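Structure below; questions to follow.
Order of writing sets the labels: A, B, C, D and E. Residues in every chain begin at 1.
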Amino acid sequence: MFSAIMDFGDKLGTALFKLSYNFPNQFYLNFIKENRWKYLTDGLKVTLTVTIFAVLIGVILGFLVAIIRSTHDKTGKLTLLNWVCTVYLTVIRGTPVLVQLLIIYFVIFGSVRVDKVFVAVVAFGINSGAYVAEIIRGGIMSIDQGQFEAGRSIGFNYTQTMIYIILPQVFKNVLPALGNEFIVLLKETSVSGYIALQDLTKGGDIIRSQTYSPLLPLLAVALIYLFFVMILSKLLKILEGRLRNSDH
Amino acid sequence: MTTSEEIKEKSPLISVKDLEKHFTDVHALNGVSVDIYRGDVVFVVGPSGSGKSTFLRCLNRLEEPTSGTILFEGINITDKKCDINKHRQKMGMVFQQFNLFPHMTVMRNLTIGPMKLQHKTKEEAESYAHELLKRVGLETRADAYPNQLSGGQKQRIAIVRALCMRPDVMLFDEPTSALDPEMVGEVLEVMRDLAEDKMTMVVVTHEMAFAKEIATKVLFMAEGQILETGEGREFFENPKTERLKTFLEKVL
Amino acid sequence: GQSGKTLTMATNAEFPPYEYHDGTEIVGIDVEIAQAIADKLGRELVIEDMAFDSVIMAVQSGKADIAMAGLTITEDRKESVNFSTPYTTASQVIIVKEDSDITSPDDLVGKRVGVQLGTTGDIYVDDIEDATVERYGKGFEAVQALLQDKVDAVMIDNQPAQVFVSQNEGIKIVDEAFTVEEYAAAIAKDNTELLDQVNDAIAELEESGELQAIIDKYITD
Amino acid sequence: MFSAIMDFGDKLGTALFKLSYNFPNQFYLNFIKENRWKYLTDGLKVTLTVTIFAVLIGVILGFLVAIIRSTHDKTGKLTLLNWVCTVYLTVIRGTPVLVQLLIIYFVIFGSVRVDKVFVAVVAFGINSGAYVAEIIRGGIMSIDQGQFEAGRSIGFNYTQTMIYIILPQVFKNVLPALGNEFIVLLKETSVSGYIALQDLTKGGDIIRSQTYSPLLPLLAVALIYLFFVMILSKLLKILEGRLRNSDH
Amino acid sequence: MTTSEEIKEKSPLISVKDLEKHFTDVHALNGVSVDIYRGDVVFVVGPSGSGKSTFLRCLNRLEEPTSGTILFEGINITDKKCDINKHRQKMGMVFQQFNLFPHMTVMRNLTIGPMKLQHKTKEEAESYAHELLKRVGLETRADAYPNQLSGGQKQRIAIVRALCMRPDVMLFDEPTSALDPEMVGEVLEVMRDLAEDKMTMVVVTHEMAFAKEIATKVLFMAEGQILETGEGREFFENPKTERLKTFLEKVL
């Protein structure tokens, strides 16, 4: 194992040398020939579609769960619903998303022919919902208790206080975290190749399986993810700055 | 014979009996009874942790009393069946930390209650809010957001927010202790005004000089009980219990 | 290390009867042939199980000395590695549900076909007009998808297809074979020494009848 | 798609009925016969090994990176190292761990024959390091600036203040987050089947490939993950409670 | 002829000249010059935001001055080449928020500086710490952690922590404004003691009564400048500038 590491710089050097030498050929083989680049663009479309819809489901589900749980915490009501939510959170946050994806594909939608994009959206949406719920619950708890008391002291009931006073502030506070959830999901969907969905990562796999050269397809896939993550992070920073500077 | 108006005048606005409040491991209120009449300016003083805030917060059930009764305008509001939200509209509350709604303009802070709860039109709510803003000297800040205000301005807005609901009593919990010393005066000024207008007030504070000046009644609390009650100036100048004497020596 | 005491074989052990997990061991036709070759070379056989689409890269990059994974000789692959003399033939066949209306390769037009990523089946189906290819990482997952009606047909090598059909009710192999092809071991381009040794060994095994015996042990028609 | 959903409850019902009816047989087939349960226990061992060592690498790497970055932020020194760290964080946090795993296996260790457990430990360790670094940096930033000033005002220099005053507090504060990172990694390693490492998820896959019944193997895998995640969460809660209640 | 001792007596301990501090968009100090002599008890007062804290924090370079010089014991400590860590040991600092190290016992808080920086043995450091703890009435709390102390106790420990380094001057930044009113007295008591012991002190505070009582010199700051300087009682009773008059009216 350790001699392997010693060896490794050496071999990496050789590999990089070979690459620079071969680069035009390799580039042609992996991307141009037989329009192989299409695997990447098609895959990217799938990846983005799955991510966008999964985030949507995740946010809706997350808000519902968070509101149920906070209401239970504050008022002691909704015991049954709260219990269901707790089980949901425990199971989803306690198992790998890959295993969830496989179960949803092979077991839940076992003998139904259903669009795989739909399966992935459902799986990642349900998964994301559990994490979003905790983000939003954190957001609700981080609102100063004084805000709640001020609302109640005017005469608003629990629901009115939530709707007029608490949730608008929560939403503003968690917006960056929700943006971040989008980034997390974008990366997480890379495992959807497991259910033979041709997402971006799988697109690279297909090219690899045809050209038998791992470097360029993997690098291209990595760069595309990196590009989108960096763009999104940038947008998120701008958003956060705006939110911080706004007076309300 | 007394007319019903006279009875109303003479019966207390708030009547607290044997109020107890237990927190998990603290006995915060240990049998508090007191009557507060219309026009009273009641100051609650006492050492830290003596239960002053808890007492005040029980009055509008922000804190749920463990036992005891509170009659407000003749109605037992500790009864679980009463709709406390209705009564809270008549009991304005001002917090140490202001607790303005940061996502709304000043005007929205002032009008959301009257509009959503008392079904005032926007015009009605805004014109009354404007009137009150003028009284506290902040008529130009209606479109500002809370973060754009100084502490003293925030607290004056918080007072106006409570007043916009046209309450019958105003509860203050250390309204000036989160303020820079230079801003204390402007808030006390507004409170003095209110007292002169005969607003019923219950004020928890450490500002002894102010209490001495405007209180009609002072309650001294220690360890969850009211140890001594007095009439304004008298209370400070002739403390009866040893406990109150030591306390006054420390804080004056 | 080409000259080590070991002979490392890259394979994808989800392809019965050529290679598959049996208990904690990996067994199958390829494994036994490789064992016989290793014995002849006086080296110890080490099996590296990996995704099918990785076995050629493993040989190319030196991670393994030899790849035996029901590997069909194709022109594309020949550009990346050398192949030994073939040790058996196989054909790509189509597995369908028993009540399916697919009776020949021509009927696959416009259908949804499951394959294993990177197999010759994958390559052929890609050429069928309008067919939707679903590329699973493993052959059995493609079959599972067929059982669950997620795909209309699976294209896969003949022998594994036989195993899959024998293990599952309700599916059958379409009579008409799609193609005929040859399996061989893949060896790195620059390792001609090993290539020669392996070719010699295969020739000896063929001559002695050992090779046929191994195949017969797993495939009984 | 929608008829599929309508259909779905129906089919699920049937499936569950079949299962309950078949349960003893299915159980025997998937776990007892041919000692198939061994795939799960062996896989679990691999999963735990990879997770433990990856977390170790992650924590060490994360501490280094966080200290370099905070030092740069506070003193303006270490510009070059800070730049390296920034690139590391951007790339690792900008690409899916699966893609990183594949690149490390096929490209970085491309022509080295190296133990796959080692590859996975390196890949997940490097990945985790980037996230741990941000946890610890957050921990350093969350220490009241007054602590830093108090240290400096006594006469400690930057390094002494870090060592005696800041880091001990950071370590205590981030301990729960590090525990959580362990849970995250435990789940994340489920993709290591991609490089044919026989981890827990792959163990379930192998059983599935032999029995063609997806339900029980997947369920068993999910339950094992869930079990460990719940145990770890429980321990974490106890730890957090202890830390909160301790006076220092 | 004057002896060198006498020169030392007469030359200032801290001599500040033309101190300027710019933050990104605030000109916090706008040319501050002042001499502080051994035994001086200097109080710095002024409205919020006037630069009092900034001035104090520049004295030990917790805040880096933009320009100007500070001589401390004759050495120019604004010189980048001087080892500021050495000089800071001689300048004890007490913060509004106490800033005790929460992960250490009181004793460890007091001894870590002397042990790590002045290479005292554990025994030496602890015995001196014990002596000082006794002086502030906290000798029994040596093994407590900061969270187990009240605010007033924390601040007294913070003062002792600074004293343990045997400083030549003590800097205080509003040492009582984070305290409950009942605890202010005990901290002022300790500071009064120090002043009586002729410790050189620079104190930023809003406690005007206290300043009046013990200050030997008072600086009035506004908008980053020292507008008026006076000698203790005199300063408060005969303010010269209009500015100071208005300020004193507001806060007294």
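Convention: a contact is a pair of C-beta atoms (placed from the backbone, for glycine too) under 8 Å apart; a residue touches a chain by one contact, two chains touch by 3 or more.
Given the structure is predicted, the values throughout are model-derived calculations rather than measurements.
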Next on the checklist: Suppose chain centres are the mean of their C-alpha atoms. Which chain sits farthest from chain B?
Outcome noted: C
Checklist outcome for this item: Greatest number of touching C-beta pairs links chains A-D
Checklist entry - How many Å are there between the centre of chain D and the centre of chain E, using C-alpha atoms for each centre? => result 49
Checklist outcome for this item: Cα centroid separation, chain A vs chain E, in Å, comes to 52
Item to check | chain C and chain D, separation of their C-alpha mean positions in angstrom | outcome: 35
Item to check | Numbers and ranges of chain C residues touching at least 2 other chains | outcome: 57, 61, 141, 144
Item to check | Residues within chain D bordering two or more other chains | outcome: 106, 110-113, 214
Checklist entry - Where do chains touch, given as pairs? => result A-B, A-C, A-D, B-E, C-D, D-E
Item to check | Residues on chain A engaged by chain C in the complex (per definition of touch) | outcome: 106, 110-114, 116, 193-194, 196, 198, 202, 205-206, 208-210, 212-214
Item to check | Contact footprint of chain B on chain E as seen in their complex | outcome: 47-48, 180-182, 185, 206, 250-251
Item to check | Complex contacts: residues of chain A adjacent to chain B | outcome: 144, 146-147, 149-157, 160, 164-165, 168-169, 172, 247-248
Next on the checklist: For a test of understanding, state which residues of chain A touch chain D in their complex under the given definition.
Outcome noted: 1, 4, 7-8, 11-12, 14-15, 90-91, 93-100, 102-103, 106-115, 118, 187-188, 190-191, 201, 204, 214-215, 218-219, 221-222, 225-226, 229-230, 233
Item to check | Contacting residues of chain C [partner chain D, same complex] | outcome: 1, 8, 12, 14, 20-24, 48-51, 54, 57, 61-64, 138, 140-141, 143-144, 147, 167-168
